[in-house]
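Structure below; questions to follow.
When the chains are written out, they are named A, B, C and D in that same order, and each has its own residue count from 1.
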């Protein structure tokens, strides 16, 4: 066998904050115990297969610049296995515990539905061997229901039931494989479940189709005994003008309307949050409050650009607050941090993939250390608790427990002649307080 | 009594499209029958009290420029009545059937909670007299729970239960007055129900408070026998960084989580839709599909500015598609079109208020005529119906009726070797088709 | 020879507004005289080669859906000629007078710099024959300096002088060909003249390179006696994070700093204007005021999406005001309206290309008819003129002519005790006035 | 005299990074020498008068919440002096060397043009005394040409020459006072120099007025011997739909067109940069490259909200890169960092003003320490220099020196058969490198 594409890169080791080695971890010490748990177990970081091994560096204005060796020629079984070998070369050098994939990322290209099933099964065996040999685990699998032209008008929400059937076939076999590989979650991202034009769209019909599709997925999960979590990943738009899974609240609305809010959790992506007009931490805190927080697609967008740039995270402040809310919600269970991020088109060398991941891993590790300190310090939680203390009083509890009518409350307030006392929100002081932990 | 501020403006009459009179209607002929109903009854247009009579033309960079006579001096009972008289002078000249108000728009300024109740009751009598004398009706009332400093950290979602109580008092008395005046709806807009900083906020607690508040409102509605509709108006942010009633789906999520989706409908504002990253027609079509469409705050934003500009609508294409989806959903029942729009700060003369409304009314009337023709033409609906025809087949129905498992569907698809046939979405042709109706 | 891809489409004819034929013009009657000039001569509409014949319907989330016959196999000379033949089949059926191209749109793919020069020259002969045979003319040519991986870090602004040289070679030969074909303009769009990260960029150096490149282009124009106009097309970003030719003012700044403001004009694209935070008409009016208005890339963006959607225009109001400012500025000289627009990915059939262009051509034609009526009506111009009438007075002229010092002006104002009289801006009335012309 | 509003706050002292005192500096040690200069002299930080002492905490949806004592009653001379006393109480406790003001911030409200001149002169004497007594200096003065209703349609760009005269009067006297107080700069922010509607606007006329106004300002500067810098502050919009001073490049375009690019520099505000679609560091680096960098309005916006939030900076990464580019450009000369930032509406207590400033001052101080280390480390500059090294070669220099024609360059490239060598842009590695300095 030829030398690995990544042969020149030594395994990435933890060297501490003082290290000047750009290919070492300065903060990610996987065995360091934070809030009673090893960093690796807290953060459950994963490499994504698509951006890291499938992307060729194309954008809408030009073709690929990466020229990875496994992309020279058709994506047949041999090339798929070449890519797989290199993926595990990368995983093991990087030292993260997990990876994630779409069915079409890993398999040889299929030209018929039968080939799809067969090619996925065939590469599944190879993946299983690689995982066994290396100890790398699967955070989640997913089916790509948006790239093939058959999905140009959606998958489960397609006007054509045959497309729904093709999507069902992909999902069924990808769920089966995910289970076989010990995957801890299964993700649905509705890349084209939405519309390009409302004018040719029957919104209600499409959402009914989506609802039925999701129920079939849940039924299948139980049937095959998959013990992982089903996750939906919101995104507001792109490639579609409008996507049905716009943001956390929209997905929750859909789940509740279909009675599935106990069966499904959310995979939240930083860049999708910001494209929807929310902060990353808002989407996390909302999912935690609704009881549907599941996992993270860790990346960042560009605050001046209006599309999904999927950049590697490097903003410690943003990651710290994101992890703070995750920790407040109890941390990850089956979920984790998947780096749904891609190197820039000019960063075409093997080393760039490592620089990007090393920086991101360290940013997340620093964020964890900071967020844990914030939790341990307790000031922030204390301020919030104290701010709402009035609701722990007798009247507050009576209101929330439904024991007061509008009339009674109103009459009492007028009789008392209440004049609520203003109180500073202390936003700047609190922001400074967070700054102390960075 | 002195001459009306609007004395120089004659009542606005319908003169037909050829009229060159800038103070006549060219399209709004209230008795014209469209789709079997009088235009007036279809459109149910309303003047808003706040922008039209309360605004002084201030913005964040300068004080008022309007200098309406009723704003000279303190807003006591005499000034409130002066304003009320002028409001009805305006309504009757404009010839629209409805108006809308916040409690604080109409009443003398109150310095205590008792004064609030009394001042509102006092002006209520005057409003009732004016309505009886003119035949102008109330589309909806609402309580202003965001302007007074007591609400700086929210009303029902405030950390202080006393603020919740004050809000409850305002809403109770405003609902009672709305009922007394024959109001057809009661609206809740959560202007500061949200947060400026997530860091000092307990999201889950605040949403629980909001849920309880809404339930009290519904209980009160039934208790007093108010037969109108309770409406929530979504907005994503401004003045807060983030508002809980972000958009239609978010409000629906909240309603379903609180079991209130049959009790509450939505008041959709064009400019709020676009601030949330949606088209106006998207929000309407979504509300219709979810069964919660209620009423419209008719205005427009500026596509290049990122705040709520509340401009008068003048884009016939946008209004046509908006009304098309409203008509498809069965049209207005208790709701209508409230012009939540303000004249620009430089448009400080009485005539400007008329120019603005006349143009907007005509835009909406033209939109109705166009949308009705689109419905009568039937091509667009036909295209959509035909596009989803496959779902009317045996397999399509079996899928939607829950008779197929993922496995069965998948096995069948592979056995058949399905290859879905691509089909043009015909977006450009359909857009041209809409253009024919403008 | 095989039948044309467009064989099923009959030539598009003008049939008048009442026509229900979706493949006829309802407003574009090329010989109709508007403001003393034939519509065709006013509008100078052009089909773009890239979106219409080169795009395969790919987006960032999936490959092409169009499957045009000339894309099956490598883009060698035979395929390039096949594409060329079909392009002229399209042009002649559509009946527009012009087309536009990038060098790489029309030629066989080149693998060396020598091949680039040769392949372009070879297809140039074929283009010349086709133009002679059909009478279709060239509005402008341009070199594609952004798609090939060599340009990933820019062309003229590249850190590597060899890339600058390659770009110079492409531009020189493309200018020569444009001249040979009687092209009326030559366009520069700096697709990657900008940066992905400021951190690795020497802004000042890159702009100096750009300045020198542009001067070489101007020198070459004069050397070869090209009588057309050199045009720069602004865009704020995408694919780069930031592009140097951000908007009209930024390009003007660059031109003046390089002393080229008399040598170069601007090609303004609607969707680029809105991505830069401007209205389309703002960019046009600004270019007219600065004396650098040249040509239009006619399309539209999606107001809810943050990337360049390049959709066909269908908003008559927007086009009317755009053309109003163009007409006010004297209309097109060498420039025209190039449809830099692409059919949606789901619109993959030959007919969709026609639907899209027919609708767009008619929108522009309607816009011209409306804008001409606005000019002839004269009310809008009259209002504006009257609004600034004060500046025609003695003092106004003295100020503008530089005859007053700050001190003198100030002392005079205080002595007079001036109190400027407020005056309504009449924005709503004026917007209504525009509405009358639609 | 009564006790100061700020009596409870002790002077803010430097206590070091370990301090847990929320009212102490942890990084701002004014005498610490960084890159050979005292921190205080590097950063030249200033408190702004308007947000800090004039704001009452109103927003578009509610009146003030701050209730500062000096705002109770009319803003007459006594109240203006009360405010002034408190401002200096604040300055001296905070320990920053500078402040900034608008004329109308400091003076008693004027009802005539004569009163304007007199009231400004009167408070000028008091300011002079305070400055002498405390040693606090004036970074810059400016005239408020946007709040008064007379400016609703602009100041220098107003359709009415009398408004231009009033503006000229304000600027003349404010410049004179700025000189008298030893101000180091004079700023022009064209708050309403733009338009609300293009339809009623003569763009060319308005820009000619603006050009003449600016020339008068420059002439007056020289006449009175003011040795400070004239600064223009760009902003894209708000309150206007479009402001003429959109961004750095647009202002530069205007300066060059008026021959004033040597006479005027720019005051760049972080939140204005982002509203214009640029990063803060982009605007700084662009101004440095164009030779017009002057001063900073230091604040931040909210990445999810589309208006000017003017928040206190707390993002060390953003400030570090901003200061890095400022230092690369040679640092401040007459300019400095003015905190054009306001406490949130809920932060109404005296202490909140201190928390906000202390956090911001420390953020800027940390940024300086980091940026200086980046300069001293030299890696980043080294990477950039090496990236463009090719341009130092013979051919590179010949191109930039104008010694090569397009033809010669092209012929040489073809003859050589050049194939530019791709090279990684190393963006992720460089971003990691910056992260090391935070």
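The rule we apply is simple: contacts are C-beta pairs under 8 Å (C-beta built on N, C-alpha and C of every residue); 3 or more make two chains touch, one makes a residue touch a chain.
The structure displayed is predicted, hence computed values, not measured ones.
**Student:** Please give the intersection of the contact partners of chain A with those of chain D.
**Tutor:** B, C
**Student:** More C-beta contacts across A-C or across C-D?
**Tutor:** Result: the pair with more contacts is C-D.
**Student:** Hey, how far is the Cα centre of chain A from the one of chain C, in Å?
**Tutor:** Distance between chain centres: 40 Å.
**Student:** Between chain C and chain D, what's the gap in Å when you average each chain's C-alpha atoms?
**Tutor:** 36
**Student:** Quick check: what residues of chain D touch more than one other chain, meaning two or more?
**Tutor:** Those would be 65, 149, 152-153, 196-197, 237, 242, 277-279, 304, 344, 346, 422, 425-427, 431.
**Student:** Inside the complex, what are the residues of chain B that reach chain A?
**Tutor:** Contact set of chain B toward chain A: 112-114, 117, 149-150, 152-153, 158-166, 168-169, 171-173, 175, 196-205, 207-209, 212, 215-217, 219-220, 223, 236-237, 242, 246-247, 249-250, 252-254, 256-257, 276-279, 281-282, 285-286, 288-290, 321, 380, 383-385, 387-388, 390-391, 393, 395-396, 399-400, 402, 404-407, 409-410, 412-414, 417-423, 425-427, 430-431, 434.
**Student:** Contact residues on chain A for chain C in the complex?
**Tutor:** Where chain A meets chain C, its residues are 57, 59-65, 146-149, 151-153, 191-192, 196-197, 237-239, 241-242, 275, 302, 304-308, 344-346.
**Student:** Taking the touch rule as given, give the residues of chain D at its contact with chain A in the complex, in rising order.
**Tutor:** 22, 26, 65, 274, 277-279, 303-304, 312, 314-317, 343-344, 346-349, 351-352, 355-356, 358-359, 362-363, 422, 424-429, 431-433, 435-436, 438
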